[in-house]
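Next come two complexes, and both contain chain A; in the first it sits with chain B, in the second with chain C.
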Partner chain A sequence: MNLLNIILLFIGWSVFLVVAGLFVLGIERKIAARLQWRVGPPIWQNFTDVIKLSGKEILIPEKANKLVFIIAPFAAFLSALVSGVIIILSLLYGKIMPGDLILLIYLLTVPSLCLFLGASASGNILASVGASREIKLVLAYELPFIAAMILVIFKSGFSTSLYNIIKIQKETGINFLSVAGFLGFFIAFLGIIGKLGIVPFDIAEAETEIAGGVLVEYSGMLLGFYKMTRAILFIVLPVLLMVCFLGGFNGWVGLLKYIVIFVLLVLIKNTNPRVRIDQALRFYWGFTTIIIFISFLFLRV
Partner chain B sequence: MDIKTKALKKSLWVFHLSVGSCNNCDIEILDCLTPKFDIERFGMVLVGSPRHADVLLVTGIVTKKNVERVKILYQQTAKPCFVVAIGTCACSGNMFRFGYNMGGPLKNIIPVDVFIPGCPPTPAAMLAGITKLLNKVKE
Partner chain C sequence: MDNIITFFIAVPFIAGLLCLFIKRPAFYLKEAISLLISIGMFVFAIGLFGFSLAIKTSGYATELFWIDSLSKFMFLCITFFTLAIIVYSIGFMKKAPKLNQFYGYILLTMSASIGAVFSNNIILFIVFWGFLAIMLYLLIGLGEHPDTAEFAKKSLIMVGGSDSLLILGSVILIFLSKSFFFSEMKIPLFSTTAILGFFCLLSAAFVKAGVFPVHTWIPDIAESAPVPALAFFPASLDKLLGIYLFARIYLDIFMFNPDIQIIICFFGSLTIIIAVLMALNQHNMKKLLSYHAVSQVGYMVLGIASATPIGIIGGLFHMLNNALYKTGLFFGAGSVEKQTKTDHMDKLGGLAKYMPVTFFSFLFAALAISGVPPFNGFFSKWFIYQGLITEAKNNPSFVLWIVAAMFGSALTLASFLKIIHSVFLGHSKQEKVKDSSLWMLVPMVVISIICLLFGVLWWIPVRTFLLPIIHTRLGIMTILGGISLNLGIMLIIIALIIGLILYLFMTGKTFRKVPSFIGGEQVNPDMEMSGTEFYRTIEETDFFAPLYRFAKKKYFDIYDIVKSIIEYFGNILKKVQSGVLNTYITWILFGVIVLFLLFFGV
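Our next item is the complex of A and B:
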């Protein structure tokens, strides 16, 4: 592949990821509305929101560190895009990239860190409360999530490339069906709830107590970039989970797997209240971490 | 009408600002979110920060202390942003218009796009008012 092809590939899949992500978020809002016995917005509502945001004025607070404040949303958006394209490359094009699972773990942390940086740079008190909550949440969920990823790496014979992980699962049966893989799947699932920042763990945004928290000073397209980042993560994280535990994304079965994970996410989102930050920390570092370390004992079972 | 204006009409994010109301209007605004009226089907959501807002819903007489704050808050919103005065208080002052604490009806302080009178206006009246606002956006 020459350079032009690679660039075209990247742009094409990026557009796909954004569109699909916004669409999925729209479906999520619709389901939430139906669960509450409402009609709910149309499923293309999130496209409308993003187009509207692109037409709005961008305000930069006086006290803000302007450079960090503006760069943070772009960096979050780009890292989400790159992680999505990496997954697609190894899923659909069969590219073997050694260590891309580790790269993904890093890249998927970047959006949260950018939220934290942007919020701290904005000079708003509510945003700084949100930022401190966000970084604590990152510390909380990363431990069990990374432990679950290490479990996957152990299971697939110390291979850190997604392509090999899928290939080994094809030969020896998917990880989900072994005891360790089963436990690991649920822990990683709890991890991505925190990563997506949806309701039980949307402590950093908490509209009703800290007025949008980390996003409080963002307006116009900068806010739109955060929305799109969230949308892309809604695709990328479940797919990563499928690659690691459910044997990859293969055709209609893959779509079905995605829908199951998605429905689980939506149900959890709509049936749980928001937790406090200390409860979240205790949940992730207590119960969740203990389970993942127990599952290491069953590695060879 | 270009695509951005069209999108704006379909996705109004409202910020709820109470500047000296008796709280009854505020409760009626929250009624609009309930399954019976469900303004989210028009793409409207209640946001927590004025930076995200497309519409300011202002309730209550503007008390003297709040005059400056309303002005600042209006400046903090990202334009285009519309202002809707909800309740007779915000429209004209209601029975408090001669009160010692009256900072003037809202329209003397910031430009108001739509007035929705009533004490308090019913959610249906608010929806009718928002429809008027949407027609105004068209121009």
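Our next item is the complex of A and C:
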């Protein structure tokens, strides 16, 4: 695979990720509307939003550090893209990259890091409250999420490459069907809710209390980048979950698995109130972490 | 070869003594001497490295010195960091008092550390190691903080105390191996004597490097010592030397024992978590950094303790990386302190506008220490995780160490975001300042660029510096085949280039400056959220509240615990010394009677 090939693959799959992500978010809005007895926006509403945002002028707060404020959304967007492309390369092209699961774990925290830096650079008080919550939320869900990923690594013969994890599941049955794998899936799913920052863990944005928190000063295409980041993560994180616990993404069955995870996410989003940050910390570090460490005991079962 | 090494040790030693006697501040003579000597030594180190790469000697040992790939690598690191610190000090220590002592001690330290890494003879090693402790004490003592003397004393007691353990351990080593030379030792680690000796040497290495629970001198000197001394000792040189000693005793001198491995891993991961949690609630910039100087040691210890080739590479690579970015971070903190005259994060804010170069080099180093790809810290941590995962096949307890290490990395990120928010971004709380002088900026920028380069081109330092070390030990050549992340890095680089193109498109657009939106309200200073209070929630959760309470009471400080024990017994003994002559005479009489009865009565 030469360089040009990789560049083309990267660009092609990036476009796919953005389009698919925005489409999925559109469906999400539609389902949410139906659950609340509304008609809801059309499915392509998110495309319209992003295209319109790209034409808008960009407002920069007077006190802001301009460079960091502008670079942060780019970095968030690109890191989400890279993590998506890494998963796709090992899923569809059979690329063996040892240790890419660890790379993914680190790459997937970069969007949160960028949200923090951008919010902090904006010099807005509401944004700094949001930023503080964002990073505390990262700390909260990272502990169980990392442990769940380590569980997957242990379960798949100490291999850290996504390709091998899929391959071993093909040989010995998917992780989800074992006790440890089931508990691990459950915990990793909870971690993903935090990573996506949807209700009940949309603490960092919390429109009704801190007016969008980390995003309060963002406008125009910079806001569009964050929207697209969120959209890509809505594809990437469930697929990562599927790779780790459900044996990868294979054909229509794979799509069905994705839809199940997606519907679960949407249902949780629309039936729960927002929690406080200390409740989130207690939830992730207490109950969730205890379960994931218990599940290590069932590793050999 | 002995003559060459003696020359390497003697040159900085003589130059250091010379500097001590140049009291007159004129003509920058001390600065010139130190700069020339450190540049010269750095060139020599490159020469020695290149020379022996060419002839591919695996090791060279005589009665005095031992040159192998590990010690050559350490030599290169020591000279590089000394050079960086001297360049920085020329800017930072300008017009400071006792400059002759400062430069003198730095050069003497350099000489002693070169001696320590090259010595093959145990006695010689102890001499150099002890000399380093004194130099540490003297350099810390140059600070101008009111508590300087007390904390310098504390560090001398802790490091010096560990030196006595080192001597005890060395005696056991000599007794067991019947030899004075490191290169001839290979001791099985199963008998009680061997384990005792191992732990004696280990505690010396751990005090130097700063592993929990013997790390406490590092955070304490952070506020009082001058910044270049901090960047020199806890950030770079002590890490290098402590981890060097640890690697030597763990990998070379003693044989492998799985039970000992678990104990070491336990302390390694405890170091990561506890130090980083302490860092989260600090208000002083330098103190926060010094807690990270402690927590990062945990990674190196874990990597080397895993005893797998990848893990050892990771541990040593992390040692190099940590010395790089930690030096950069202390340089950044020093630069802020120099310009604003404070190191208290509550009083700082919004400095990124005034000090852009400092900010970006600090940001790079902070991202590197938090392990954000593609910076160097990510790759060394990645190696360490790979090593731990490989070793987990034999030992399921490793899951705890892996989770601790990875979670510690998230906590590190959090505490650096706190520093970045409250010092560089956020609201400005002080009047306009200028960026530091070029002498200070150049080392900072160079180090942060190296941090990025060692990440993107990680195989270059790994191949040149680290593989020879592993190769001579384990004879494994093909390990690099299994550890290739190149596709991932390539994707990141492509993404960065695409990002740059997108960014250039964006800059054509119009930006409009507007006041910030706070729900339509007027902002007054009380409403501003200080970055130092970010993690109050974490301090107050049920899990960590007791920990912070214990830390406040200094239950984790082994120095204070020992001190209170000694004071307790001292107080009991004090009651005997009442000062009343009659009591003394009664006791003496009583003693004489007892003696008489013992010797003559029976």
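The rule is simple: the second predicted complex is superposed on the first by the 301 of 301 C-alpha atoms of A that agree within 3 Å, B and C clash if a C-alpha of one lies under 4 Å from a C-alpha of the other, contacts with A are read in each partner's own complex, and residues count from 1 in each chain.
Heads up, the rule we're going with is that contacts are C-beta pairs under 8 Å (C-beta built on N, C-alpha and C of every residue); 3 or more make two chains touch, one makes a residue touch a chain.
Computed from a predicted model, the values in this text were never measured in an experiment.
In the superposed pair of complexes, A:Leu59 makes contact with chain B and with chain C alike. In the superposed pair of complexes, A:Val216 makes contact with chain B and with chain C alike. Within the superposed three-chain model, A:Thr48 lies in touch with chain B and out of touch with chain C [touch as defined at top].
When both complexes are overlaid on chain A, the residue A:Ile70 reaches chain C alone and has no touch with chain B.
Using the contact criterion defined above for the overlaid structures, shared-chain residue A:Ala147 touches chain C, although it does not reach chain B.
Look at A:Ser120: by the touch rule set out above, it reaches chain C but stays clear of chain B. Considering which of chain B and chain C touches more of chain A, the answer is C.
Legend: residue contacts after superposition of the two complexes on their common chain; A:Gly40 is shown touching chain B, with no touch to chain C. Comparing the two interfaces of chain A, the one with chain B and the one with chain C have residues 57-59, 211, 216-217, 220 in common. Interface of chain C with chain A (complex): residues 350, 352-353, 370-373, 378, 382, 385-386, 389-390, 392-393, 396, 399, 402-403, 406-407, 409-411, 413-414, 417, 420-421, 424-428, 482-485, 487-488, 490-492, 494-496, 498-499, 502-503, 506, 509-519, 523, 527-529, 531, 534-535, 537-538, 540-543. Residue ranges of chain A in contact with chain C, taken from their complex: 1, 3, 6-7, 10-11, 57-66, 68, 70-71, 74-75, 77-79, 81-82, 85-86, 89, 95, 97-100, 102-103, 105-107, 109-110, 113, 116-117, 120-126, 128-129, 131-132, 135-136, 138-139, 142-143, 146-147, 150, 153-154, 158, 160, 211, 216-217, 220-221, 277-278, 281-282, 285-286, 296, 299. Of all residues in chain A, those touching chain B in their complex are 29, 33, 36-42, 45, 48-49, 51-52, 54-59, 207-208, 210-212, 215-220, 223. Residues of chain B touching chain A in their complex: 3-5, 7-8, 10-11, 35, 38, 40-43, 47-49, 51-52, 54, 76, 78-80.
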